[in-house]
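You will see chain A twice below: alongside chain B first, and alongside chain C after that.
Up next is the complex of A and B:
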């Protein structure tokens, strides 16, 4: 599959269909994101699904793609993308961080093992060009056991888990969707600065709520967490609730706007209004 | 303990509807439980989820949000976002182990003074049943 992708990318670059390709490069035994500009460089291109997403927004508070698009308007960028990469691109485009029209997604599918490791619900992109689709893992599995316990147990569980937090901001920094220039989690009004652990549950509550309609389930936050807090139990639960209440899933359709952001619907949540 | 438990409730009331309704209930001398500490907001849509969790964290046993009926909002669609926000905050509270019945959103218009006292009495009874907020002092 790697050779196929290399050949495809070389063709695209030499025929000038696209100007640059954003992917992973191996050099001296290390793999890092790289912007390929010449077809000759593409021999060192690596295609692997085990490396993290390369669209994180920190520390510049912008993704590399939005910086590129701002500096070189009209630049056609090819991006080698897995399922999660593509969802991140779609969601970034919805938030007007990048222009999806100028981005060519070169999609490849992850294998079953990788999908299981990431607990990925959709381990293939919509623009699938290489590899074969494997079925994703149902989202419910991640939070079923937690939601089956009583409220008291859940509170204790989260109190124990979230008290481990060392406020390293790893979850936010690794997140492809956290592009806010002014992060609530840094403001002393909401979180006491210079104090550990952060107040339960305010600190994480901010992120959980902000991610409810944006989370694309790439799992980078949980992988980045040095204290192994099972953050995805809640992000997955909220994602399933968004689907249940609003019929909305982030990262799948570039035309579908987040229901939290718009108030243009005449009579929102008709069935839900009786419940409250 | 359970019998003499007097809950503390923080009420975020919209300036244009529910706050006026609370005023009306007072003027009409309608009885309602004195457990509610009212905070007047310009719109129920101005109630950030952070206010809700902060109130619960700092010891409130319940949070009440009162706004105009859908379609009557002084700012056209302010209460739409309140509704959508509460719809997401409730499952989030549940997932963290806090009973979502501690948060209540109600549409009460300026002329519904009796409705206001009725709803608050109901809510206070509900919180009394649920007991003190487990988040207090954690």
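Up next is the complex of A and C:
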């Protein structure tokens, strides 16, 4: 598949159908996102490793593709995207961070092993060009066990887990959707600054709250956590609740608006009232 | 448009996490963790995630500066180096000294010690390892024959019992703490011996809160329990070690009752912890400054080594004696000979054969007498015996004990040159300031705490007219007439290092480009050494050394009733020259504070956030209080990063007799309102 993708991308570049390719490059054994600008470079393109292609650059707090699009207006970028990469692009476009019209998604499917490793609910993009779809893993699986325990046990679980936090902000930094200029996690209103562990549970929960309608379930937050806090038990729960209550899933349809935004000026949803 | 991710090494602690600097058209736009790295595995702490911010900071030194009539004036490189070359030649070798740097690369440290020895003709070369792990280097050499971390960081994950003593790992080496936490979650027993309730104590099975400075008694107590219950590893002791009987006799006295009286650690906890450590199939000791920064630093280190050998926890995965080194390249700076008694690879300057080897390689007669250590340099400067000092990337005006005397010493010098990336508190006192390139702007290698040699890659051009330290040293050496500093690249320097240094003998940029190598790596086909002392100790047999407990140099009394202990926080680094120029870190912790127990606060009549005076026999500082149960009654803690309320105005410069490390961790102080 890797060779096929390389050939396809070489064609796109040499025929000038797109200007640049944004994908993963391997150099001296290091795999990282790279901006391929000429066909020869594409021999070092890889898709075997998982490395997110959308991320927020700090301290500018802008997503990388937005920086590239601003630097060269009109630039046509081809993005070699897995399912999660595509979901990030769609969601970033919905938040007006990038212009999806100028991005060509060159989608490929993850294999079963990768899907399992990432516990991915949709391990393939909508714009699937390469590879064969494998079935996703139901989101509920991630939190079923925990939800089966009683409330007190869950509280203790999260208290123990979140007490491991060393405030690296890696969950936020690795998140393709965390591009807020004014991040709530940094504000002393929510958590006293300068101490470990941060006060339970607001430091992390203020982020979860913000991610409820934006999380595209790439799992990068959990992978970035030096202390292995199982953050996806919450993000997956939130996603499943968003689907159940509002029928909303972030990152799938560029036209679907977040219900959290759209219901602000209406009465709170009746069924949600009942729920709480 | 040009975008690249350049792999480099995080410039802060000795964990040696790797990160990519994201470069867009010669500008650093961010940091990404390296997922394939053995230690960091795609994770970083808050300092690493923000490691790019200080590089293009507006305070960077961009041009050489010459002080005239008390004011710095910009100058050309040629003019500045001309003056340095001329002035340094004015003094006899014993009146000049250099301070090398644990923030600089292996190549730069190698060149700095070569410059001191070849061009200046002196062994007066040292660096801040003296202030952190000098006792490790001395102590572990005595016990094992090699003064470095015996095992590798990721191995800790598979330990079955971890004793963390004098290391606030979660804050000082966050990515090492990761593996301790992983071990804990896999069922390992965690023992934390620390006077403070540090982050790891929340997860510990046993917290042993020893009175500061009583570590030898505590460790002897653990050994007493192990021997009296017959839990020692008799086979290991018989086959691999010597002098056990002497140890056995000595620890007899350290009964749990006696140890409780000395350390304040309840004897039941001591007994249970000793059993857990001795009975587990793989026990590791992790330690840091809480062990080393004492007048008994070497004793503490040797006692850790005794405990590990007693239970056979050496040479196997997930075991060992694991000193965590504070700075990104403090291991390398020691390895490459930035020490007054050894050349690169710990080869003694006093050994005639070794000296001959270096003399032949460098075509010069070398001095045989070991030189001055950091604290001795400051004392000699104050006395007027040391006339000129060349400092590369260090800030003794914040890092050294008893800053009042350091200042007197530095001001008493005839000539002070400081080479740095910022105008540090020390640079401000210099006659000449030379602008150096930051980590992102140069090539080289760094050696992290588990002896892991890793490549730094130049990501952007140096700011202004600043230059990489290795280039500055070469240019200066040439100006002073030496022909031994002709290198076309840092790779050239590595080749010379490898030729002269058996530990690094098999290393080259070609190999390091694709993978890290852990020393010893003596030959080109050697894969490196993750675990030391596997079949035999570096010195042959491991040596038990019976160590009696000694009190710290200064104890609380009527006038100075509190014990002051110092350390770091996760949000800042050392003297703050880098971390205090990072907004995310300043937002967390903008200035210093003193941690004080609520009962003590009540007695003195102070509230959280009040400013208090802390006084020792060296000086007084004003500082904000943080009332917290993290410290016990009778103990106060101050992080040392902050020049405006510098803990090191207060600390005691009393030294360990052999390692010459100062006692940063214990002195007596008084706390007063306002």
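As a working rule, the second predicted complex is superposed on the first by the 255 of 276 C-alpha atoms of A that agree within 3 Å, B and C clash if a C-alpha of one lies under 4 Å from a C-alpha of the other, contacts with A are read in each partner's own complex, and residues count from 1 in each chain.
In the analysis below, contacts are C-beta pairs under 8 Å (C-beta built on N, C-alpha and C of every residue); 3 or more make two chains touch, one makes a residue touch a chain.
As the structure is a prediction and not an experimental result, all values here were calculated from the model.
Peer 1: Clash or fit: chain B and chain C on chain A?
Peer 2: fit
Peer 1: Going by the contact rule set out at the top, does A:147 touch chain B (first), chain C (second), both, or neither?
Peer 2: So A:147 only meets chain B here.
Peer 1: Could you look at A:129 and tell me whether it touches chain B, chain C, both or neither (first, second, both, neither)?
Peer 2: Touch status of A:129: no partner.
Peer 1: To the nearest 10 degrees, what angle do the lines from the C-alpha centre of chain A to those of chain B and chain C enclose?
Peer 2: 100
Peer 1: Tell me the contact category for A:8 with respect to chain B and chain C: first, second, both or neither.
Peer 2: neither
Peer 1: For A:223, decide between first (touching chain B), second (touching chain C), both and neither.
Peer 2: Second partner only, chain C.
Peer 1: Touch check for A:155: first (chain B), second (chain C), both, or neither?
Peer 2: Touch partner of A:155: chain B, not chain C.
Peer 1: For A:212, using the defined touch cut-off, is the partner it touches chain B, chain C, both, or neither? Pick first, second, both or neither.
Peer 2: So A:212 only meets chain B here.
Peer 1: Looking at the overlay, what does A:241 touch: chain B (first), chain C (second), both, or neither?
Peer 2: first
Peer 1: Once superposed, minimum distance in angstrom between C-alpha atoms of chain B and those of chain C?
Peer 2: When the complexes share the chain A frame, the smallest chain B-chain C C-alpha distance is 13 Å.
Peer 1: Output the chain A positions appearing in both contact lists, the one against chain B and the one against chain C.
Peer 2: Touching chain B in the first complex and chain C in the second, no residue of chain A appears in both lists.
Peer 1: Touching residues of chain C toward chain A in the complex: what are they?
Peer 2: 1-5, 7, 20, 22, 24-25, 29-36, 42-46, 48-50, 53, 170-171, 174-175, 177-178, 181-182, 185, 199, 202-203, 513-515, 569-571, 583-584, 587-589
Peer 1: Which residues of chain A touch chain C once you look at their complex with the stated criterion?
Peer 2: Per the stated touch rule, the residues are 20, 28-35, 37, 49-51, 55-60, 64, 67-68, 71-72, 163-164, 166-170, 173-174, 186, 193-194, 196-197, 223-228.
Peer 1: Taking the complex as given, what residues does chain A use to touch chain B?
Peer 2: Going by the criterion above, the answer is residues 143, 146-147, 151-159, 184, 190, 199-202, 205-206, 208-209, 212-213, 233-234, 237-238, 241-242, 245-246, 259-260, 263-265, 267-269, 272-273, 276.
Peer 1: What does chain B use to touch chain A in their complex?
Peer 2: Residues of chain B touching chain A: 49-50, 53-54, 57, 70, 76-77, 80-81, 83-92, 94-99, 104-106, 134-135, 138.
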